[in-house]
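For clarity, chains are labelled A, B, C and D in written order, and residue numbers in each chain start from 1.
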Amino acid sequence: MPREREIGGGIIEKIFATPKVTKPVLVCGLPGSGYVGKLAADHLVDLFGAKKVVEYTCDSFPPQVNVREDGTAEPLKAQLFYAPVGRGKGLFVFTADAQPTTSEGEYELSDAVVEIAKKNGVKTVYTLAAYITGSFAADQKVYGAATSKRMLQKVSANGATLMKGGGISGMNGLLIGMAALRGLEGVCLLGETSGYLVDAGASKAVLEVLTKLIDLQIDTAKLKEKAEETQKVINQLQSMSEQARESAPQPRRDQRPGYIG
Amino acid sequence: MPREREIGGGIIEKIFATPKVTKPVLVCGLPGSGYVGKLAADHLVDLFGAKKVVEYTCDSFPPQVNVREDGTAEPLKAQLFYAPVGRGKGLFVFTADAQPTTSEGEYELSDAVVEIAKKNGVKTVYTLAAYITGSFAADQKVYGAATSKRMLQKVSANGATLMKGGGISGMNGLLIGMAALRGLEGVCLLGETSGYLVDAGASKAVLEVLTKLIDLQIDTAKLKEKAEETQKVINQLQSMSEQARESAPQPRRDQRPGYIG
Amino acid sequence: MPREREIGGGIIEKIFATPKVTKPVLVCGLPGSGYVGKLAADHLVDLFGAKKVVEYTCDSFPPQVNVREDGTAEPLKAQLFYAPVGRGKGLFVFTADAQPTTSEGEYELSDAVVEIAKKNGVKTVYTLAAYITGSFAADQKVYGAATSKRMLQKVSANGATLMKGGGISGMNGLLIGMAALRGLEGVCLLGETSGYLVDAGASKAVLEVLTKLIDLQIDTAKLKEKAEETQKVINQLQSMSEQARESAPQPRRDQRPGYIG
Amino acid sequence: MPREREIGGGIIEKIFATPKVTKPVLVCGLPGSGYVGKLAADHLVDLFGAKKVVEYTCDSFPPQVNVREDGTAEPLKAQLFYAPVGRGKGLFVFTADAQPTTSEGEYELSDAVVEIAKKNGVKTVYTLAAYITGSFAADQKVYGAATSKRMLQKVSANGATLMKGGGISGMNGLLIGMAALRGLEGVCLLGETSGYLVDAGASKAVLEVLTKLIDLQIDTAKLKEKAEETQKVINQLQSMSEQARESAPQPRRDQRPGYIG
């Protein structure tokens, strides 16, 4: 039986395990546009066979249960996993079925996760997010922001384009903000995506920058497969779109890319 | 005088009775599209002369009083009833005048009901809901979802079509989710309905599956009467619609059925 | 200095006086459509020179200060007044600058007011509200609802038309609902009004029924003056509207009157 | 390390310093239309090299982090600064990256700031806001409201036009309302602005009235520079607009000026 306690903000925390942790980082991937972060986080959990450490339920999650393809109903939850990843290093992965629907819920859940990460020796919190452009790019960039100049340099040196202002909304922003407020460092990597489709290509791109940053080698074959399937859909959409465009005015291509976390 | 206590989330719980309970199940029917669950729950309360056990008032209910046809104003409340139903078995019925208007209220009220059910020995929580199709069907299906494979098999064996994904929103979803989180089993039965009219036919259909599942025989004559009245209205609407259609383009019939709990 | 305490739901209660109370009733009039209840409550306070007993500030009031015509900024507040009204009887009047913006705030403030009324010996809570029709009526009816059959009879016998279903939203509804939950009786009187203008005529009409109900004689001359001014505006609007109608299709007059508290 | 405590309403207060304070006033400038108040507050902090005294984080701030031009991500916060300003006088400046998104958050944060100001001997709270007109005025007026007649006279005597009713929304209103509720005086100065552009000219105008009111001499050269840049943009917009107007109907110029804090 997991140990259970209420931690404020309508959040119930259930501790499932207290793993022996060494040199850990925390990587967070949550549902959002393109499922960029969520796909990446799930990939890491699968790849390393990460074990559930904490489960959160939260009364500001959307009021619903999800139903799987076989009819099984499941309450919405957030989960923190842990896996040793070789060479004496460890990886916490935080993911969820949904983001809270209130500011309060987002702040409190972010803080709860950062607090437990800090207690377990985490020094840096990474969040994986989407950078929405509204168009399909052949070469998907990864954007980055960080809570310290030191990390900004590392992020830039490992292939991400630094953000030049704006904001990062939702828990992808708050998790690194809370990290900073608690004396940790935070990095957000944002994979360029159209925002129209589940985008495993963007997930793969952010994981490639992430794994350089944390010096970890991973297999991204499964994400590559999914990305190739998506690419086929994009190709079809684009050829349909090109046919349509021949008899219609050219759409503006200079629209300012907006960000949605 | 009922015993009264505040149980968090702005909910006041008043205990009216502490019945001697044997082999109970909990059946929940709340106001929603087509009043499918609410009609069914009210029918069970009437049929078994169930007694009020608990009354809940909640500051996230809509801020209003309801006025009856004779001018009597009544505060909104949720109620838990109990009746012995023969052969040593018992039935809790939970219903309400409204669902809470906030996520927090829905989660807290669902949890309060499941907690008291568990304390009274309930092992399975059933919620009765609507499955909105947007069109009138001659033969109204009942859909089902459950929190365990074991219950899914029973649900399927007793005539319900298993849901193939999606979600169940509102307290119909949360009540079975909370049941699962507290170690009980949860089943949601969803009666196919247009969503346009109060639908006693759908209520009757879900009660037929429910009573097979919990091995209980009930009289549904009153619901049948109401359903026949509704059917007359539907026939009129359809004949009006057919006349209109002769001079208008055919509406799409292949629209994806959406669910509203 | 008033005694101050926090009473939950973000409400601060400041006690300004503890009057010696005899045979009191509570009359509530709050800002809403047509200012029907607010005008009536202010009229009672002025007429009897009622003294402030309690002041409430509430963090679910709209986040603003009001500015008077001379530039003075004032925080929003709710106030409970008391006056002896002759023949050994007393009158509490509750009014406010605004209604809370959340369900929680409306429930908690309503409950706080009913609680203090009960402590002071109040047996019946009256709320004065608007019954919106969307059109200008020559003869403005007063509608009524009550939490007991006994009061419904009195309401009907004193000239109000009983409501035939529907709901009463906002604190006008909740105050009588909370009265019922705390074992008091509640009556809502709703003055028919177009909803387009501040309507002193409707205020006068509800006060006439109220004062019969509580057996109190009052001077309504000031409200009559205001009502006559409003009537002039209505006459102008109607003559303008009639001129316009001569060259336009007749508007539907059979629209179902909707209620807004 | 700052001392940290939770002060209700989801607000964390961190005390960074406990300055020796003499004859202080509190001036508040928050983000809002035209950034009128925020620019003015930032200008005061820069000018006097004010030191951070308190930092607030708040779970009703927008759920995001801001990203600077160099990619640095920063959590949203509110800050209270203090500087001695000569002649034995002191100045508290309160500003923030955002206003809370809920009524509750706005009330609680306003109250927290007023409470700490009162503890430090502040007698008068000034808020600097925008008075939106929707058009570009050559001569930008400053409007004023105050919580006492005494201050209204001073405000008027120092060049502000008194407001003639209406309301002041957001923390600019609540801060002076809370001041009044805690026995202090409050003044809101509102700089006339179009609402379309960041308006340093309006900031300069409110600072000129403010500094007369608190008898303080300041250099507004930097705001003047910014205002001149904005004026160039306005001139361009107006010449474009005039060209467009020659071939279009004249826009209404008599629109009632609305206020947005």
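Just so we're on the same page, a residue touches a chain if its C-beta (ideal position, glycine included) is under 8 Å from a C-beta of that chain, and two chains touch if they have at least 3 such contacts.
From a predicted model like this one, the values you see are computed outputs, not experimental measurements.
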From subunit C, which chain is the farthest off, judged by mean CA positions?
A
If you average the CA atoms of subunit A and of subunit C, how far apart do the two points sit, in angstrom?
52
Mean-CA-position distance for subunit D and subunit A (Å)
37
Sort the chain contact graph into one of these: line, ring, star, complete or other.
ring
Let me make sure I understand the interfaces: which chain pairs count as touching?
A-B, A-D, B-C, C-D
In the complex of these two chains, what residues of subunit C are touching subunit D?
10, 57, 59-76, 101-102
Subunit D residues touching subunit C - in the complex, by the definition given at the top
9, 103-104, 106-108, 144-149, 152, 155-156, 162-171, 173-174, 176-178, 180-181, 186, 188, 261
